[in-house]
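What follows is a set of structures for review.
Shared between the two complexes below is chain A, which pairs with chain B and chain C, respectively.
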Partner chain A sequence: MATNAIRALHPMTKFTFALFVTAAVIAVPSYLFAYAMFAALLVIAAAAGVLREFFAFVLKTLVVLLIIVFLMQLLFYPGDDIIGGWWVFTLTQEGLAYGLLLTSRILAIGSAFILFFRITEVKDFVKALENMGLPPAGAYVVLSTLQIIPEMRRQSNVIMDAQKTRGVETEGSVLVRAKAFLPTLTPLILSAIASTEERAITLESRAFSAPVNKTSLHTLERRPIDTGLIALFTIGAVALIVWRVAVWIL
Partner chain B sequence: MDPVIQLKNVSYRYPVGDEQVLKNVSLDIGRGKLVTIVGNNSAGKTTLCNLIRGFIPHFYKGDLEGSVLVDGEEIADAQLGQLAEKIGYVFQNPFIQISGVKETVFDEVAFGLENLGVPVDDIRRRVEDVLQLVKIDNLRNKNPFELSGGQRQRVALASIIVMDPDILVIDEPSSQLDPVGTEQVFDIIRLMKERGKTIVLVEHKMDLIAEYADELIVLADGEVKLHGPVREVFADPSYMALGIQYPHAAALALDLQEKGMELPFLPIRDEEVAECLARARRKEGRP
Partner chain C sequence: MNKTATRKRSFQQDFSLLALLLIPIGVAINFVGFQLAQVLRLPIFLDVIGTILVGVIAGPWVGLLTGLITNSITAIFNPVYFPYVVVSMAIGVAAGLLSKAGLLRTLPKAILSGLVITAVAVVISAPITVIFFGGATGNTSSAITATFLATGQTIWQAVFSSTIITEIADKVISVLIVFFIVRSISDRYLSKMKYGEQYMKRNRRK
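For the complex of A and B:
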């Protein structure tokens, strides 16, 4: 059980926060603001005790994307205020500004959701969705898919080992590994298909389609602080959007 | 007799098969009886289980003739979702019987009760009881994906009996178990019988059948060749021609009979052998 105060919050509270960050960085057209949001996310991650995993995951998933997006804007964004040139490209102030803004937004929004999944257990999130009306079959599909992934990876390793003992080269360059990996997909996919039928019968034998309301050993606690925070984030997000639209119209 | 399960002239062919897997099967299974089904590979044992549980015709289509009644109700007319509470079915393959959404054995066993809408406090109590009964309390916090075949088989059994159905259909529950594990599973089956459950069991271990079962059904090529009280089926002269094992005791006695010894009765349990031999000697006029 999560004993950390942040992780103990209701999944919807955390989710609303991620949405709030999204609304905020879109409403406020300033890259400094968006980068500040990212800094705030780092602080929250630290407080939740997941700073290292969070930061590593952001580095792994977002940084390459951000660099590409930034360079694209810098090199191709049209503008008049020329600040330099490189090879056949002219660099403009507008391109720089837009590149910074866009990347800062992607960084803030992406990290907000990465942080959400770092501090929320999938089964809690699915449970919350179920409480909001997601049908049990849908919840089952989401949960079982996420649980099956590590199982598939395990199976794939078993098959790889089997290939290796047959003398198939499984280590080395990307090409060599791809060659070794592709044949493992067939048995993996075949067994996945075969097991859906069996899965359906298994579920049936466990009364999954019984015409009653299910109960659950796993329940989510929604405390006053959750209600308060959700209200706060919602009002905050709505206020920022209204402000933005007002500025825009007037 | 008060039959709980009745099959009348049932024939069945799977959608992708060209042959009938069950041919004109008729049988009654009495309430509270422990009935074992034996037969060689692909005789149709699992198919018969699927039929009783209603997976045929609700899940597997194909050609079904005749009728299957459970508690007097035509299974084809029943709602599949309502059958789980009435008939528990433990599959032959323990590797597929995992919900795939639970992280611990405890939650896995509780899954069926959650689906039945049982109040949470009752669920906890019932799962605790079953974990003790099936002797898997030590596995309670393990991930169901990370169990051995034998462990999975027990978890599968626990997951079904926790729902407390009146009828249990159990397909080869001991295939992955060592002798100790097999004995334990049979202890549980006996306990279920004492609680008044009707049990249909597919099993190959003849000594255990001789010890525990009331009736024996012999299937071959989709036909019921023999059906009756265990002792009568083993003693039936046509049993030998079916190429199915005897219990140890019976095999031994039949050997002696072939060598010229006259048997007063056919022993089917080890402890009956001495009695049988003693009586045979007395009959021959020796003290």
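For the complex of A and C:
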């Protein structure tokens, strides 16, 4: 059981918070606000004890994308207010403003969900979805997928080595390398498909499809603070959107 | 039995236990296909083979779910590209419908199916690229988009052009791979799948 106060929250509470951040940065058209939101996320990550991991993920997944998106807007966004030129490009105020806004939003929303998955076990999140009405079979599919992926990755390496031993070439021109694709993938898929029949028998022998209520060994606790926070985030998000629409119409 | 009841029952039949168990395999094929394309340094992604395969043999709804789960799992590690989940889901549905129409039975038809899936992918992913990312997503197609922009195209033209260029080879080849793999799946298994019967060896020979 997680001892950290933030990590101990119900998965849905954390998920609602990520949705709240998304709604907030879309509703408030200011890049300063969205960058401030990212700063707030850093503080929350630090409080949850995942700052280093969170920051590493943001660096790995977002930074290159943000730079490219920003340059694209700066160089190509149509506008009249010219603030400078570089080589064949003209830089406009509109491009700069839109680049800052777009990147700040991607940063805030992207890192909100990165943080969500750093402080939430996928198992807990799926369980929470199940409590909200996801069929148990669906939950099984999602969780078994997470187990099967690394297993099949390992197996594909084994098959590729086996095919190399048989003389299938994996180095050389694009065409030679492309020819190694099917001999690796086909045996993998065929053996995986064959295994589903066995798995079906195993599951049925444990009454998987029986039309009864399933008992779960894994339960989630939903405390009053979760209900309170979910209400707060929901009201906050709705209020911001209503405010935005009101400003827009009036 | 009235019509909606029939439809509901057929919807549930789509999700037989074997079809459900095919979903994790389909998702894993997407990941392994992508990994394999990287290891072999192929210039295409090949990351929707599983979605197409599941759609083709188990029908559009199971294909849709495979796409949804694939992108949801990617989102655990990199949530930024989650908006593209719509593309994956549409590819699964399209593959299912094409299979239902018998458009994966022969090689020429499979190539046609590949073009249809390319069209579906482009029409759905280009607006996502423009609206969510301002036209650039940081992969090779961004460079192509930038080139088109520099020649004076609008952002929509540039993104559509570059998406078509990067998608067409990828999707047509993915469909062809599925076409060949389906032909090597055992009749015993195909007979249990919704659209499997038409690909069984004894039904293929005319």
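We adopt the following convention: the second predicted complex is superposed on the first by the 215 of 250 C-alpha atoms of A that agree within 3 Å, B and C clash if a C-alpha of one lies under 4 Å from a C-alpha of the other, contacts with A are read in each partner's own complex, and residues count from 1 in each chain.
In this text, contacts are C-beta pairs under 8 Å (C-beta built on N, C-alpha and C of every residue); 3 or more make two chains touch, one makes a residue touch a chain.
Bear in mind that the values here come from a model prediction, so they are computed numbers and not experimental data.
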{"item": "Which superposed partner A:73 touches (first chain B, second chain C, both, neither)", "value": "second"}
{"item": "First, second, both or neither for A:144, with chain B first and chain C second", "value": "both"}
{"item": "First, second, both or neither for A:217, with chain B first and chain C second", "value": "first"}
{"item": "Contacts of A:165 with chain B and chain C, given as first, second, both or neither", "value": "neither"}
{"item": "Partner chain in contact with A:182 - chain B first, chain C second, else both or neither", "value": "second"}
{"item": "When both partners are placed on the shared chain, which of chain B and chain C touches more of chain A", "value": "C"}
{"item": "Contacts of A:173 with chain B and chain C, given as first, second, both or neither", "value": "neither"}
{"item": "Which of chain B and chain C A:123 touches, first, second, both or neither", "value": "first"}
{"item": "Partner chain(s) touched by A:209 [first = chain B, second = chain C, both, neither]", "value": "both"}
{"item": "Touched partner set for A:199, first chain B, second chain C, both or neither", "value": "both"}
{"item": "Where chain A meets both chain C and chain B, residue numbers", "value": "140, 144, 148, 151, 199-200, 203-204, 208-209"}
{"item": "Residue ranges of chain C in contact with chain A within the complex", "value": "15, 17-18, 20-25, 27-29, 31-33, 35-37, 39-43, 46, 49, 53, 65, 69, 72-73, 75-80, 82, 132-138, 142, 145-146, 149-150, 155, 177, 180-181, 184-186, 189"}
{"item": "In the complex with chain C, residue positions of chain A that touch it", "value": "57, 61-62, 64-65, 68-69, 71-73, 75-77, 88, 98-99, 102, 106, 109-110, 113-114, 116-117, 122, 137, 140-142, 144-146, 148-149, 151-153, 156, 160, 170, 174, 177-178, 180-182, 184-186, 188-190, 192-194, 196-197, 199-200, 203-204, 208-209"}
{"item": "Chain B partner contacts - residues on chain A that touch it in the complex", "value": "123, 140, 143-144, 147-148, 150-151, 154, 195, 198-219"}
{"item": "Chain A-touching residues of chain B, taken from the complex the two chains share", "value": "53, 55, 59, 79-82, 84-85, 88-89, 91, 93, 96-101, 103, 107, 110-120, 123-124, 145, 159-160, 163"}
